[in-house]
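The structures come next, written out as structure tokens.
Common to both upcoming complexes is chain A, partnered first by chain B, then by chain C.
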Partner chain A sequence: MKKFFSIFMGIIAVTGIIFAGQITITGSTTVFPIAQKAAEVFMNANPEINISLRGGGSGVGIAALINGQADIANASRPMKTKEMKLARENGINVVENVVARDGLAIAVNPSNNIDKITMEQMKGIYTGEINNWSELGGESMPIVVISRDYSSGTFEVFKKLVLEGAKVSDNALLLASNKAVQTTVADTPGAIGYIGIGYLDETVKALKLNGVFPSIETVNNETYKLARPLFMYTNGQPSGDLGQFMEFIFSQQGQTIVEEVGYIPLN
Partner chain B sequence: MKERLFKYINFTAAFLSVVFLFGIIFSIFSEGLPVFAEIGVFEFLFGTSWHPVHYPPEMGILPLIVSSLVVTAGALIISLPLGVGSAIYLSEIARPGVREALKPFIELLAGIPSVIYGLFGMAFLAPFIRKLFDIPTGLNALTASIVLGIMVTPIISSIAEDALSSVPKSLREASLALGANRSETIFRVVLPAAKSGVIAGVILGFGRAIGETMVVLMVAGGSPGMIKSILRPVRPMTAAIASEMGETIMGSLHYRALFGIAMVLFIITFASNLITQFILEKGKRQ
Partner chain C sequence: MKKVLLLLTLAIVLLSAVSMHGMETKFKMELWNRYTADIVDRTIEESQFALKRGYFRLEPEFTDNIKGRFNLDFFSDEDGLDGAGLKLKYAYLDFNKLLPIPESKVTFGLMKNYFGTIYTWDYTTIDKDPSDKYKVISSTDYGLGYYALIPGGFGEYSLQMSNGEGYKKTGGDVDINPAFIGNLRVIPIPGITVGGSVYYTQKGLLNSDELLTAGDTTVMAAAGLAKISFGPLSLIGEYLMKNIDSDGAYAYMGMGSFSMGKISGFDMDIVARYDKSDPDKDTADDGSQMILGGINYYILRASKNSPAVWLQANYSRTMYEDATIDDVDEIALQLRWVFSHTIN
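Now for the complex of A and B:
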């Protein structure tokens, strides 16, 4: 009997440790690397706080926040009015925190001799009106249009800034992740795609958009037009452990992490 | 006492799988049915434009259904001769030693996770197909069909082989005794006798191919338009569900439309499984 009692007390003690300072983060795969690195460094400094982190996408994260299953919803798009309404109905007081910025680079295959493009030309390509690189002064080669999936936060931003309400071409390849777009552009001579600046590397070539090359400087001084804020939504003004974590993200150290994982820190 | 406990544990296990099945059916249909009411059965199933996040949304899933069927048909065209051919070889032609050596390889092929098939298709097959046909991209219906075809072959092969092996030896001997040669015996006697098993294998392969998600997500390209050529990128139903569900708003029309697609897919695979069961039962009774 005594033995059972001590096991019982042991279980209580262990669960007590597990539930002390638990932060759950869910959402956008774009924001994921920031949250992951920040959580790692933060937990090293504050071992009593445990952060559990999941991807799943902006919609999943916001839904989890609305259902009370997450403390932070990562999102690469602003919350929609419908989601705001749902949150209010569930008694969740949504607070929007911009934690970093992301620039979308327009990438082509390195073999392509084009090195600049305009917003109008982008719209023409993605709506299917421009089909061949020769129409942009390149060599005669069909354009392989690569887009992100309909419901991704990245597509949402692209749709708003580039398509301006027009429909994406039925012939566009819709791929599931930044990484998939990057490797497909790298493998396909005629391809064009858009990816987070953090995903640029030597396998693809970034184009100047309206004469501006995508970089941390041009996104921050707002001369590069294809950029978006990244969000961490919380229920109410973050306080306690959650407040500490959010403060950490906004700190010098947190913003250095933002830059390390390839995004653009807040000034 | 032990005996009864054991019985109850097993009963619970069996009962739970029924509960799970009905739970899944219920949740898919309760989320998906509203979309038929809101968009209209005909417009949803036969609309040719899939632009769910465009304003106003266009939610016709015919291009997705056709993409799934085309890719699956292509997979069967490839896997049918390979699967049945290898089954005939293993069951009728190969010496026992060769059969014992080959069978594990085919079974191993069946056990490879689909993401690995997808990687193979993306990294090797797609660039190869692109250069072979001199087309802009190798992520298309043909590449998806080939990868799925390889994936489904072991399923068809092992079920067809079971069916062929269970044909009584006396039938073969009778055929040979009547003066038929070996190939005549195989194609006119053994294969017809094992017909139901072979067909069941093919239908099971169909169900596996049409439900496969990872491979088509990785190699089919994902273009939402109506298919014009097998060398063009396509967006099968499974790829649309898997890639759009993640970031969509829960409870939105788009969310429900994805459940609507899941319903269509579920009904197709459920029907193909039922037909398989039916054919196998009928074959057993004969």
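Now for the complex of A and C:
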């Protein structure tokens, strides 16, 4: 028994040495730009630490953390109780780190003459009750509904806040990332989609939602209602290389990166 | 004719699911191709290839709060239609938020029995869950259940009322008296899970005339389990007991315990298991022990967290207390493959 224990501890020690200096981050495509930019800057300053980064969506990232395949799970939604239970069962002590805030912008093609929309109208569009822009006072043009896929945390937040649990219409086009939604809306005259405000640029037009334009100011003063915190979940309080990286994210420099990539810093 | 009806039913269910507006339906198929060789005194006594189990599953999601599961199991090594046995394994609906308790659901239909390890058994070893293997309780039953998560991920609990006779008995064979199951699992600290379950049924509860003819008036079963998971290592132990009480005295008492370990890494699990069973405490030499070792090798994954094709290889030795029964070595190889798709 002693021998078995020694061998087992030896395996763990060797594994620890092999993977020292390696951080794996997986999950939300919304949080991805923050993690990507922060990783670049952090690795430049700490060349002995390698950070590998993947998207996949919040659900994928959380599953990877639960299965011990990721050190950080990026998520644009809070972990569900079911996921917390699975994590605890697997020996994962989930620590929730809020790293930034975000507003979900409603984006349309710049050629669209609509400038504002209500939550109720959004629900109508995404459940298939409103199908033409003329029903909202725009040109007679079919609405092309763009949504995020079901493993996306952005989708879950949108479903909870806008759809209030209702199903997305069968006609909606489901895309795997914020970037894909942004480019599809930019290329499709009748399209409507929702993206993190960090993805807003001149190729798409953001609509006022219930009379409020999505911006850092309106999210911070809570007048823009389609807002959420962004998370990096870790197994236990981060320490070592991981602790250094998380400290960097929370530092002035890290929070400046948050702002640079279009999200809202914590302070 | 039966076969035609079955295929027709399946087609209707599938097509209905696909065509229902606004409904998301997941379908899944899993198959277990198995080879087993039982060896006694270094001689192969039995050798068999079989589709040990195959199942076809539909999971319609009517709304966020109403979901269903329908499961048909196939077995090539049991009697049935044209070489394959068929069993209805699940047919239930989950109703979330029916009660004003967070993270809870009410289930109705042919559903899982939340007892011991049986409802989370994922066949890490080829062998069955101990409750199933030692006939303590069936894996599914017709009934009504309440299930809830403890906030913060600290565990789960459930209460069920069912027929108490599993999914194989139907029609007039079903005892009219209900059975009750209570289950609790707690995760006090990450990596450590403890839990217990109780099953109880009593003949004559609804009709006292039954007592005159029923041989066994009360059945009570209990399970206690502990699980430890840290990194690639997980260990689980379960203690089971079952009392069948006639005329207030224990006529039968069954006990079993098992422990199982798993070390995962490099797309492979190394597994080990130990079972000890004593079906009747009042009978000498009716017990057995089993040791098992094996590997699970993941050949192909649908995604990082979902294996698609994997090979299981187990060697086990079953040793009987009764000296007149030979110990049996068994080699089992199983190729499991699964595919699924969600229709929106």
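By our rule, the second predicted complex is superposed on the first by the 247 of 267 C-alpha atoms of A that agree within 3 Å, B and C clash if a C-alpha of one lies under 4 Å from a C-alpha of the other, contacts with A are read in each partner's own complex, and residues count from 1 in each chain.
Operating definition for what follows: contacts are C-beta pairs under 8 Å (C-beta built on N, C-alpha and C of every residue); 3 or more make two chains touch, one makes a residue touch a chain.
A quick note: this is a predicted structure, and the numbers were derived from the prediction, not measured.
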{"item": "Chain A as common anchor, with chain B and chain C clashing or fitting", "value": "clash"}
{"item": "Chain B versus chain C as contact partner of A:Thr223, first or second or both or neither", "value": "neither"}
{"item": "Touching partner for A:Leu175 - first (chain B), second (chain C), both, neither", "value": "first"}
{"item": "Partner chain in contact with A:Val144 - chain B first, chain C second, else both or neither", "value": "first"}
{"item": "Which of chain B and chain C A:Thr188 touches, first, second, both or neither", "value": "first"}
{"item": "Which of chain B and chain C A:Gln36 touches, first, second, both or neither", "value": "neither"}
{"item": "Touching partner for A:Met84 - first (chain B), second (chain C), both, neither", "value": "second"}
{"item": "Chain A residues touched - chain C or chain B, whichever exceeds", "value": "B"}
{"item": "First (chain B), second (chain C), both or neither touched by A:Ser215", "value": "neither"}
{"item": "Partner chain(s) touched by A:Asn50 [first = chain B, second = chain C, both, neither]", "value": "neither"}
{"item": "Contacts of A:Ser58 with chain B and chain C, given as first, second, both or neither", "value": "first"}
{"item": "Among 22-30, 76-84, 94-102 or 274-282 on chain B, the segment whose C-alpha atoms clash with chain C after superposition", "value": "22-30"}
{"item": "Contacts on chain A seen with chain B and repeated with chain C across the two complexes", "value": "60, 63, 82-83, 86, 150, 165, 167, 169-170, 174"}
{"item": "Chain C residues touching chain A - in the complex, by the definition given at the top", "value": "21-24, 63-65, 102-103, 149-156, 187, 189-191, 193, 227-234, 303-305, 342, 344"}
{"item": "Interfacial residue positions of chain B with respect to chain A in the complex", "value": "49, 51-55, 63, 122, 126-127, 130, 136-139, 217-218, 221-226, 232-233, 235, 242-252, 254"}
{"item": "Chain B-facing residues of chain A, complex", "value": "28, 56-60, 62-63, 66, 80, 82-83, 86, 141-144, 149-153, 155-156, 159, 165, 167-176, 180, 183-184, 187-188, 190-191"}
{"item": "Residue ranges of chain A touching chain C (in the complex, touch as defined)", "value": "8, 12, 60, 63-64, 67-69, 81-94, 128, 150, 165, 167, 169-170, 174"}
